[in-house]
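Take a look at these structures.
First subunit A sits with subunit B, and in the next complex the same chain sits with subunit C.
Moving on to the complex of A and B:
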């Protein structure tokens, strides 16, 4: 057997209260696309950070082409030949593309030379980029390109990609995969982190699966079914959510011609959004991040006010009402950001029930908080939604992502909303909790409520929604029934690869971006 | 009766540059601090500390320039206290900045007790020879003390540093998104501490300009809101060096014009002008605490947010 490019032997790293990596060993060969699979919290990020020199392992060692390798800082890792594309893009919005690329290099050439190289390399790999644009004006796919080009200019032997496709449309994913295969042909290795199993099966030849910090399997993903891989990741058998079909009832929520200026400079304006949801129906709204999801949720929840007639609940106009009035009338929301938006991190779960349930659950009497009732309500959520926590006195921050998400979604569902709007209900949530949340949403619709699910996870939407529409640049497409909808059609609805295919069109996109910044 | 003919525009323009210089120095320093993502509300405190240390050292040594160096060190020293508290002990930036101002005012009053009523050594004006004889331009531009030119040079240097140097790019990156900068391996804290020290040094020099050149005398609380105006100026300049220069000169112009108008017999209560820095400061603080307004003003993305290195 030949010497692997990077061999990891017995790597262990623990944080107070949790062992993130427990005796992890794996090897990445030359010219190989190697998948690193695992749930959130399985220790993928810690492992990758150790390879990139951001985290120092407690014990264990790494070898680079046989020689000991222990980077103390990212620049040492980069000097060895490791480059990394981050999950949450490490870009600087107010800086332009060339400057962003320069910041990721240890010895950048003058900006003008660099800009020329960016143009050249990016076209070579089929990822055209205009070096003069501000990072804040780029789409998610283009932002990722900046990261990839930044890495490629270092001429790396190992490219680490942390969940690269989570923000891309299916067409953009294809373009990315082409680039990755091209890189493999050049003899470079790629460590590909994901939990999307179909992708891994089409792209990678080796997979290392982590669960709770330990390596549970190391295999060829092409020889296994997605289901087998998922069960290795989760450790238990998974049951997909189910629901019986129900004839949709009357229209509960109707939105017509809802427009709203972007509340922030890098936000998205809502343009003439119309939708209607019936009782017993789930409407899925897909779209790549930053196309107006947050703004749409804010407009529906009442955080942003709009024209009074633009939003109607059972025929009653409510565009001018704030969140509390809308809640009282039966329209409830669960925003994307768990900590800081849906829940106050430092407050206990009991206190957090008061944020949205004070009125509907009568947790406040004559201006005073009824603590007993509030605590009872919190306990009810905890038991009904299987929230793993020592009790309702625990601060929201102390809960894991999945458990807190079950809590905040459960808090709304128990209040028996007539219309529930959720944004990214299963983002960053482990598979078991995600399945529970999806099931709860479907049960709610089954009980006669209208549910709107805004999500970037297309598989999720196709699984639970009855109708699907796409949010693109603040505009909402016409809804299509989910039955019979293919991934390719969904991708086209999302704007396809947009301006990404041809270099010439990329500049047209730049002009559009500039126009967008002015509005 | 008002007699506008007594106002000489040339003298006015020359006085404007002098009036603007202390604010400009403090503002350009704070601009760098804020570009690095730190909000230091202690400018007033650092300024007056610089004013008193500069004055005391200049009087003791008999050399104004040694006094200015001392003012730079004094301002930077107070700024480093702020850096220690906010960057290492993770205290709240707004509260710490306010405390720094109160502390600086008190400390300067203590140090300055023995220096009230003394005249400092004079700072000679630069001799530009025939240049200063040019009509109009000569007296406006070429008959000043060296610090006026130093302040303009600092503005130019800061502009070049932020715009064209690699270190400046790193500083902007740290201010824009400190988590990303950390992930790329930049030392967020070190960059910020350096920026804070620079801001303190500039504020100290601005203070020394007041006590050694503009007034020149030491009186308790003599900065009288100049540090707050500098803070407001940074925001109104949208964090751009040349705009800060224009803003400072505009403000200097208003101050000088108001004095001239009073001399000419126009009766506007002095209290109105004395009020303005505080009104402006309140306005700016409101703007800074609103996320939306910050974005639309293109404030640095991480401004005022504490940085905890994870992992």
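Moving on to the complex of A and C:
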């Protein structure tokens, strides 16, 4: 047996009250794409941080090509040959690509030389990227390329990727996979973290599955079905979301010609958006982040005001109304950002019920807060949506992402909205919680509400939506029934094809598009 | 090596322990300061914190002073705390305090019993009138005028912020100096005592029964301003803990985006917070000019508006905490004067002392959000 590139033996790391990694052993061979699978909280990130020198394990050891390996800091890991692409990009919007890359290097060369190297690496690996563009103007896919190229410039032997495809269009995913396969051919190894099981089955030859900090299986993912993998991850049998077909009812929400200028420098303008949703229907809006999702949600929630007639609920115009008037009339929203937008991080769950439910649930009488009632309402959300928390007095920021998401979505659903708009309902949420949220959205539609789901997760939209449309550059495509829609067609609707051209041409195209919009 | 670890939620115990620790550290650092000045540190600390309350020699004078000094501090600090909770920074309470006093004194002086009178501006007679006998409604009218003056002065930075996005910290602070100029102008011209032999300063309101803010219980320092401060504390408590408006104030301060999502209009909140803190500061000015200060003079303001900022933070921006902090701060004022007079401490030393209190408090605040860990093993360079 050959010596693996990185062998982990009996690694244990505990934090107060939780064992994040419990006697974890795994081996990553040379030239191997190795999948690391697990729910949120299974210990994936702790393990990866240990490899990258961000966390020091309590016990156990690692070997790099047979020699002891114990990085005390990331720069030691990088010197050994480990590079990491994080899930959340740390780019400065106001700097250009080359400057951003230089910031992440231990010993950056002069910018001009660096720009030349970026160009060379980006063409070599088929990742088009212009080093002179501002990071704030890049799409999510392009931002990720900056991170990948930053890593490749270090010539790593092991590349760690944390959920790399969650923000990409199908076509971008294909390009990324090509790059990863090319890296493998060069003899480099990749540790690939994801919860998208189909991807792992098409890309990886080995998978290590973690559950509650322990390795539960180590196998070839191509020999197993996605369902089997998921059940190993979750530990129980999963039931796919179900709903009976329902004839759509009357139109509840109608948006016509909704336009709005971008509220901030790096925002997106909404251009002539029209849509309508009927009772009992789920409309899925796909698109890569930064194409107007946040702005569309703000315009619908009332945080941004628009022409009065542009938004109508059961025929009643409400474009000029603020969030609370819209809520009173039955239009509820759950924004993407859980901490700081949908919930106040430092406030308790009880206090957080007041954000959207104050008047609808009569938690406030003549201006005075009924704390008992608010607490009761918080408890109701916690029990009905299985939010794991010691109680409603806990600060929102102390909850895990999935639990807080169940709370903020649950807070809206439990109020029986006539129309519910959600943005990224399952972003960063573990598989079991995601399934519960999707089921709850479908049950809501089943009960006669109109639901709009904005998401980057196309699988999710195709699973739960009745009709699909794409948001691209602030424009909304015409909706199409989901039944019979292929991934190819979805990709084309997202405008993903244009994004794949050489970077320079893409900007020219965008400028042209803007010129059209002016006229 | 020390390492900071963010707590999952702020520690309740530390939030209330830090002010006490800050007071202790201030005493130690203050003691060192006094020792360096060549004074006995223990005697100085004792004179500041103990003698005003318990010394048989000074307490009879000092004890009533505690309420007299604490009332304006508490009244102003409650208003400031409401704004600070919403991240709206009124630094100009001193100016609103002055304008409140000017408004209230003007109302009182119009009705001062002195026979036929002229209203003059810069020497010119604006109009003449015969003073009617003063009435029961004069004092309430002065209260309204004081509140109105402070409110208007507080609304200037608010309107400039909502209209032109100016910084309320700068505008409210600079308006203090404008208010001080107005105060000086009033003291030497239109509010000047016509029977005062040309000296600056208004008539003495304590000689005008209907307008004077009397001591309600003899030798306690208890006057109407103390009552108002008490009401303000209850109002602040109910607003912040039980009312939706107070909830929106806190929400906007902690998570502005979540506040907009919850339907809070930021501009209205700015008007409310600066308005209410200005109003309360104006009231404090009214009770001061009609009571302890007795008259408008050039140096009428003594820095209550600025010290109240310390009081607000020391009291954790919580109305009940502000009561305790206001009493403590009043004590350092009285004790400081005593130490100045008995031990010859420079008056700046006592201001340094008060400043140190805020300094230590803000530095220690870190402990409620972070945990300090000793990390010898992981001290990698």
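One rule holds for everything that comes next: the second predicted complex is superposed on the first by the 501 of 519 C-alpha atoms of A that agree within 3 Å, B and C clash if a C-alpha of one lies under 4 Å from a C-alpha of the other, contacts with A are read in each partner's own complex, and residues count from 1 in each chain.
Convention: a contact is a pair of C-beta atoms (placed from the backbone, for glycine too) under 8 Å apart; a residue touches a chain by one contact, two chains touch by 3 or more.
What you see is a predicted model; the values in this text were computed from it and never measured.
K.L.:
Identify the partner contact of A:234: answer first if only subunit B is touched, second if only subunit C is, both if each is, neither if none is.
P.N.:
neither
K.L.:
Quick one: name whichever of subunit B and subunit C touches more residues of subunit A.
P.N.:
For subunit A, the partner with the higher number of touched residues is C.
K.L.:
Mind working out whether A:342 is in touch with subunit B, subunit C, both or neither, as first, second, both or neither?
P.N.:
It touches subunit C, and subunit B stays clear.
K.L.:
For A:94, select first, second, both or neither according to whether it touches subunit B, subunit C, the two together, or no partner.
P.N.:
first
K.L.:
Looking at A:302 after the superposition, I want to know if it touches subunit B, subunit C, both of them or none. Which is it: first, second, both, neither?
P.N.:
After superposition on chain A, A:302 lies in contact with subunit C alone.
K.L.:
A:73 in the overlay: touching subunit B, subunit C, both, or neither? Say first, second, both or neither.
P.N.:
A:73 contacts both subunit B and subunit C.
K.L.:
Now for A:263: first (subunit B), second (subunit C), both, or neither, which partner does it touch?
P.N.:
first
K.L.:
Let me test your reading of the model: by the given contact rule, A:329 touches which partner, first (subunit B), second (subunit C), both or neither?
P.N.:
neither
K.L.:
Per the contact definition in the header, classify A:492: touching subunit B only (first), subunit C only (second), both, or neither.
P.N.:
After superposition on chain A, A:492 lies in contact with neither partner.
K.L.:
Quick check for you: in the superposed arrangement, does A:394 touch first (subunit B), second (subunit C), both or neither?
P.N.:
Second partner only, subunit C.
K.L.:
Could you tell me which stretches of subunit A are touched by subunit B in one complex and by subunit C in the other?
P.N.:
The overlap between the subunit B and subunit C interfaces on subunit A comprises residues 73.
K.L.:
In the complex formed with subunit B, which residues of subunit A make contact?
P.N.:
46, 49, 53-55, 73-75, 86, 88-95, 99, 102-104, 108, 263-266
K.L.:
Along subunit A, where are the residues that touch subunit C in the complex?
P.N.:
So the residues of subunit A in touch with subunit C come to 56, 72-73, 301-303, 322-324, 327, 333, 335, 337, 340-347, 351, 354-356, 358, 364, 367-369, 371, 394-395, 397-398.
K.L.:
Residue numbers of subunit C touching subunit A in their complex, please.
P.N.:
That would be residues 8-10, 242-245, 247, 250-251, 254-255, 257-263, 265, 377-378, 380 of subunit C.
K.L.:
If we count contacts the way the header does, which residues on subunit B are in touch with subunit A in the complex?
P.N.:
166, 169-170, 172-173, 176-177, 179-181, 183-186, 291-292, 295-296, 298, 300-301, 311
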